[in-house]
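Naming follows writing order (A, B and C), and every chain is counted from residue 1.
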């Protein structure tokens, strides 16, 4: 596979899983199907939109590629109506949401970091565009429905993304090809985030202040 | 009237009504007058700002046209102080907010779809820019004051906008002039949304999951 | 000092204090250290990012200048861990947050207004870019953690910024040099906002409507 194809596939994978998480969240909040499509599209396309805005790559990616919108809406509705299958099992649905979110996070970390490098930014900024692309879709999904964002509540979430962005930037600097480094790094982020969920890894917050 | 004049008038109408809705909401939340101006300006100018950002039409529309800011601030203060007239009548104020919002929604649906077409985007993307321009002002208005956005709570809200965006895109594809299609489509969206409010039309959400 | 140096120093001062306020807020909400870095970076760099987006100055300022990110993260962590020093003293921490926010507000008012003027915008729009640059960082900080934004709750907040933006625009129109007008105006905004906090100045909101 060519590098372009690898990134294109990853991009659609990320849009799909974040939009899926948006649809699941919309079902939990008992929004109507159009609300689900909106939350899903915002979650799936939000991170990449922000990345394009900040880097000045305008119009943003989905304006000339309507397939992204199609994938996002389909994924959102799959998550929305699929949630009824696990009716009554709140825990199962929350886990499904968290794993879909983890898949999107993994992929967008790499795509965002690559976009930063491609724009000629400093490695630290490429790491930031990686983390932002990865975290922002979920952030806007949660802010819209008035939850405290998962990125701020979850154990080892931004940190998993940051670690992956750092590994990716280092791998490219060391001369690795993007078509190998990209899926490998995405898998690493997914493994880190998944392990954090399974084993309840946490960073110590400051203890209660009052 | 020329096409440009029609769109310019519609644009100011949309800014006025969304800013008005922002002022009414600010009064309900007992913000101070400056808070009202901020919420009103964000509601009135937010949707068009997002549209310009996504399509890469920078600087955004109000940077070179200070009249929009003037209209938004005046409308916000009209909504804010006008709310005291219906003091004690919570229902009347909520209806005023919803109808002002519906007027803004109708107009911005058409303007956003037209902007997408003018930028050469696919018809599905023009529909998206229509819905986003229409929905985002109200969304940011509600997120700022920490409400679950009307677009996610309301019956037939995004759907009315989507239907209008589809009709507009189809009308232009069939060769209709924008100066006829634009006001006609805006009227259609307003009628749809208004009927949904009056008759309590709803889309079935998934039923309670837990 | 040259004009460029004055604005550059002010810019870092603003990023520092807003990021500091984000770190303090993150500690109050018992987020983990990475959450603090995210909220701090969003608060410190959010206002300038929005300013660059609206004026079309892309890529945004921090893409080519990683030092801003460094300052924001350090300031956020200082605010986060520094909050433990005043453990139990909720009032002291809230005051620290409010004063850090006031320092950021003062500086970004001037920088935002200058950016508007430099882009050739109308004086009223330069005032708007001043207020928006100043208010948006704190707004996004508060929205992310699900608080009603300080800009909407606080006494004489947007108004202090607006007054400063007006004074700055007038001073430049009267031929004053930016290297004098900028720090003087920032000091004025800080004094206004500080006096409002100390003496509890308020604008009369509409009284309770229900």
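Observations
To be clear about the criterion, contacts are C-beta pairs under 8 Å (C-beta built on N, C-alpha and C of every residue); 3 or more make two chains touch, one makes a residue touch a chain.
It should be emphasised that the depicted structure is a prediction, and the values quoted were computed from it without experimental measurement.
When the CA atoms of chain A are superposed on chain B, the rotation angle comes to 120 degrees (nearest 5). Both copies, chain B and chain C, contribute mostly unmatched positions to the interface they share, with under half of the numbers common to the two. If you average the CA atoms of chain B and of chain C, the two centres end up 29 Å from each other. For chain A, residues that reach two or more other chains under the stated contact definition are 53, 58, 143, 146.
Contact residues on chain A toward chain B in their complex (touch as defined above): 26-35, 37-39, 41, 49, 53, 58-60, 62-64, 66, 69-70, 80-81, 83-84, 86-88, 90, 93, 143-146.
Partner chain B is touched in their complex by these residues of chain C: 53-56, 58, 116, 119, 121-122, 124-125, 128-129, 135, 139, 143, 146-149, 151-153, 155, 157-159, 162, 202-210.
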